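A, B and C label the chains in the order they appear, each numbered from 1.
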Amino acid sequence: MLRIQNLQAGIEGKQILKGINLDIKPGEVHAIMGPNGSGKSTLASVLAGRQDYIVTGGSVTFEGKDLLDLSPEARAAEGVFLGFQYPVEIPGLSTTNFVKTAVNEIRKYRGQEPLDAVGFLKMMKEKMALMEMDQSMLSRSLNEGFSGGEKKRNEIFQMAMLNPRLAILDETDSGLDIDAIRVVANGVNKLRNKDNAVLAITHYQRLLDYLVPDFVHVLYNGRIVKSGTKELALELEEKGYDFIKNEMSQEVEA
Amino acid sequence: MDDKFSSIEQTVLSDYKYGFVTDIESDNAPKGLDESTVRFISAKKNEPQWMLDWRLKAFGQWLKMKEPDWANINYPPINYQDIIYYAAPKQKISVDSLDDIDPELRKTFDKLGISLNEQKRLSGVAVDAVIDSVSIATTFKTQLAEQGIIFCPISEAVQEHPELIKKYLGSVVPATDNYFAALNAAVFSDGSFCYIPKGVRCPMELSTYFRINAENTGQFERTLIVAEEGSYVSYLEGCTAPMRDENQLHAAVVELIAQDHAEIKYSTVQNWYPGDKDGRGGIYNFVTKRGICHESAKISWTQVETGSAITWKYPSVILKGDNSTGEFYSVAVTNNHQQADTGTKMQHLGKNTRSRIVSKGISAGVSQNSYRGLVHVSKRASNARNYSQCDSLLLGDKCGAHTFPYIEVKNNTAVVEHEATTSKVGEDQIFYCNQRGIDTETAVALIINGFAREVMNQLPMEFAVEAQKLLAISLEGSVG
Amino acid sequence: MNNSAYLKEKFNEIQLAGKDSSLSGIRQQAFDSYNKLGIPTVKNEEWKYTRVGGIFNKDFLMADHVPASVSVEDFETFQLPGYANANQLVFVDGVYSTGLSTILSPSLSVISLEEAAGNEFSDIVAKNFNHSARFLKDGINALNTAFVHGAVFIHARKNKVVEHPVYIYNITDSRSEAVLSQPRSLVYVAEHAELEIVETYHTLGASDSITNQVMEIVVEQDAHFFYYKIQQDTTHASQVSTTHIRQVGKSFSQAVTISLNGNLVRNNLHAILEAPFAEAHLYGLYLQRGNSHIDNHTLVDHAVPNCESNELYKGVLDDNSTGVFNGKVMVRKDAQKTNAFQSNKNILLSDTASVNTKPQLEIYADDVKCSHGCTIGSLDPEGLFYLQSRGIPHQAAMALLLQGFAMDVLSQIKPAAIRAYVEELIIQRLSTEE
């Protein structure tokens, strides 16, 4: 589904990703872990097409298409969803209006008729229940005055509404207490099926207690330095990232 | 939404949507302005002597006045002798028989999405349609008359209700008020008159559509609304004009009188032709709008200003009566070479008077957008309250957004607060929308409508939809 | 003799004296422009709320070349706390007095402007002297320039912190007749230098005084400039005071204007940000009573990208006093990434006091964060009641609340002696009923 080959990218002339390789197949959950500054969020931003980031080498294909060639909105319409670490506030724009516009723009891209008001409302009610969301959130301005937990819940609600093939969750757990993490992770789990995939970017292991990964990758200094199964996450949690750093420096010495 | 607005949707496609010219013969005054022009207009309207005298006096005053130059706008000098001051569609029509309207005229209003046929209308909006200098048709007159409401062209009111016109015309905006008000008083040709009797709640929205059609013509309409004690009326105003290379002058006057406990809600969607991308053509819009509130009365101005090459407009409220309230909600959009200098004046004279100002300016292209407002609390206006919020949004780095509030307080029990911010459409906001599959143009429209929501919410439903579309269209192509 | 004939005579006298010939061309130009512009009326948008005609068009005397009559004893009554450790510059009737002034800091040089115009500083003088005239299109600024003599050039040396503050006293001797003083100075804060100025105004005698001051300041790369203006003159002393700060390098400036007394006071304060990453802070506090009139006119001109400005003015108006705040923030084309904040808060204590405020934003760049806010109200009755319910008498409770109101401006005064002095003035003022 997603194939990243030797991806190199940076911002403002600073190289951050130094050759990433990653394959994600339908139905899989991948977790990317790593210390601060290792390039985790850069990877998410590059995949979603944030403008400030410049790709300097390598390739990314999604369902056989060159992802890097597409505009951010086309990537979204192709089925790539980014759950933002810091969801953006738009004063005066209601969440309902925002999501409705997004759903219908994506349907338009796919040559589908726009959803009518009744169909949209029905879908919204369904997905809201999934995320244990309060109706009032939808009429409030997008993310404005939302608590950290509400913002992240809103991200997963949008994911549910847009039904992406690949969901990239950028530190969705950051700033959340354990109950909020459970709600968010359970929401993601309910959306999983054999045709879609999740790439969860996180600093801590605890999200992975609820969102169990098939593969765990450790990102360090712009490269994936270690891959394994969910046990790797537990090992990291136990030993801390220093163990990776030490391993790396030993390798260099060797 | 009803028929009317779906038809507007259809006409709203790209650039200026109302730029067509209707091919109708018109009956014009000769170009230029002197006393004979004033007499010509008065004679055309069969006006009584007192009305002519009133005009001539205003004309005399206008000659002595100077065009104001304090606003933050630039335009070449206006040649007042190069304007036709009166243009009327040639056909004589009786306002009571809508079926007799020239089919070309009817088409014009159909294109604008305004049905003059009462049977066809779904929503209760009574319409007065003014084309160039003359009111063409007023709908729902009989239904309104049953409640004692008068809604008719002002020229008709001069004939039919001289006592009301004599009493109120010029009572809020005297001819000497300013240069353009004096000019209007001398040469105004038509406009709407509304009178709501004591205790009556007007059952439908009253609405006037203004359309400039003829070439080289100025439009000088005058609107007068009187709400007697305890009455209520909501009035809507819409304006469009053809695309022409030359600049056309529009200098209107609107006067509102809200007697004790009365409420007037006045909404405008101003979409005069703004000129082309290079700043050629467009309407020069110099408008004086003012209302007076008596005891416990309320006047609320809402405006969505997207059109005109030049906008010079400050809908104001004189809060004369104790416990009266004034409101001003405004969205002003400027794009390309447009210039707008608009805002309000809230004159607190009575005790416990309240005012609220919400102004949202959006600038794009190489346009200049200024908010200019005055809040004045006089010595005897105890416990006056004002809250003003003026926000500006910039799209592109070649436009300007300016805020010029004047706050004068002479009473220590007043509480006056003013806040203003300037920001641009954030790249992070656009990216967030993009990531959800929304293209940049749509994203900008969403963000802008969000920015302006507080004001849009004040508009009657029928207008709100039209206004939202207008915002998006006015800014089309301004974000790449 | 009428006012304009007197000015003409005085002007010719100064020009003919020929002593400061390097400035005579500028004086002539300025005099011509004064005659053209005249004293502004309220029709001038910048003077809409302040009438100065009555003050400037009255008869007054101007300083002669002969040394003025102010004695050391006269001067000593005005000295500010901490003066023993300060450089003290004294102007008498607008003319710099070497006799009364003392310079302590080796990193500071003070010479006459005429001299500076002819020596190694000539280039600085040529580039910066009268720069304020580009921003002030009125006869008052021109009037000062037309009569410039006895002016000083103040130079803070490169890479040095001027270790003692500079106290500037503007004394007008109105013991016999009404006098117009026109002090003029050009301050140059060189690269990586730091300078602190505290300035006060004093009138001797019972006749009217008018001070029309212009100070122009140039702040170079990495320099720091702190300016404190304390206006506490008599009720028959009026002034128009222009402080024009040009930040020509990445630099820091802070101005605090404290206006406590006077008849009519008009302050023009400009921060012109001409280099990226320059930062300007403008603070003001005005406490007015009686029939006094205070007009603070500020301009922050963001001419280049990446600068920051922050402005806070607070006022308390009692009796028949009137306050004006006119703050303009200009963000020029291409001055992207500008951050500009402005706030003006007013309290009206009496039912005959009034305030006119005009916070303005003129913005020609899009990637900016600008905001302004202003409030006008009375003292919070809830707060007053709360204090009274704890046993604090009404007057004291008011004083406490007003001190609290003033605190965020007062806390910006860095020199401890000056801050204590100003706080004491305010406490005294607030605890005495007029």
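Keep in mind that, in the parts below, a contact is a pair of C-beta atoms (placed from the backbone, for glycine too) under 8 Å apart; a residue touches a chain by one contact, two chains touch by 3 or more.
Bear in mind that the values here come from a model prediction, so they are computed numbers and not experimental data.
S.K.: Compute per-chain Cα centres, compare each with the mean of all protein Cα atoms, and return the closest chain.
M.R.: Chain nearest the centroid of all protein C-alpha atoms: B.
S.K.: Which chain has its C-alpha centroid farthest away from the centroid of subunit C?
M.R.: It is A.
S.K.: Counting only Cα atoms for the centres, state how far subunit A is from subunit C in Å.
M.R.: 57
S.K.: Measure off the straight-line distance from the CA centroid of subunit B to the CA centroid of subunit C, and report it in whole Å.
M.R.: Roughly 45 Å separates the two chain centres.
S.K.: How far is the middle of subunit A from the middle of subunit B, if each middle is the mean of its Cα atoms, in Å?
M.R.: 49
S.K.: What are the residues of subunit A that contact at least two other chains?
M.R.: Touching at least two other chains: none.
S.K.: Which parts of subunit B, given as residue numbers and ranges, touch two or more other chains?
M.R.: Residues of subunit B never touch two or more of the other chains.
S.K.: Under the stated contact criterion, what part of subunit A meets subunit B in this complex?
M.R.: Residues of subunit A touching subunit B: 48-51, 71-73, 75-77, 81-82, 84, 87-88, 90-93, 97-99, 101-102, 105-106, 109, 141-142, 158, 162.
S.K.: Per the contact definition, I'd like the list of subunit B residues that touch subunit C in the complex.
M.R.: Answer in residue numbers: 70, 379, 392, 394-424.
S.K.: List the residues on subunit B that touch subunit A in their complex, please.
M.R.: Contact set of subunit B toward subunit A: 426-429, 431-440, 442, 446-447, 449-454.
S.K.: In the complex formed with subunit B, which residues of subunit C make contact?
M.R.: Interface residues on subunit C, with respect to subunit B: 45, 333-334, 336, 346, 348-378.
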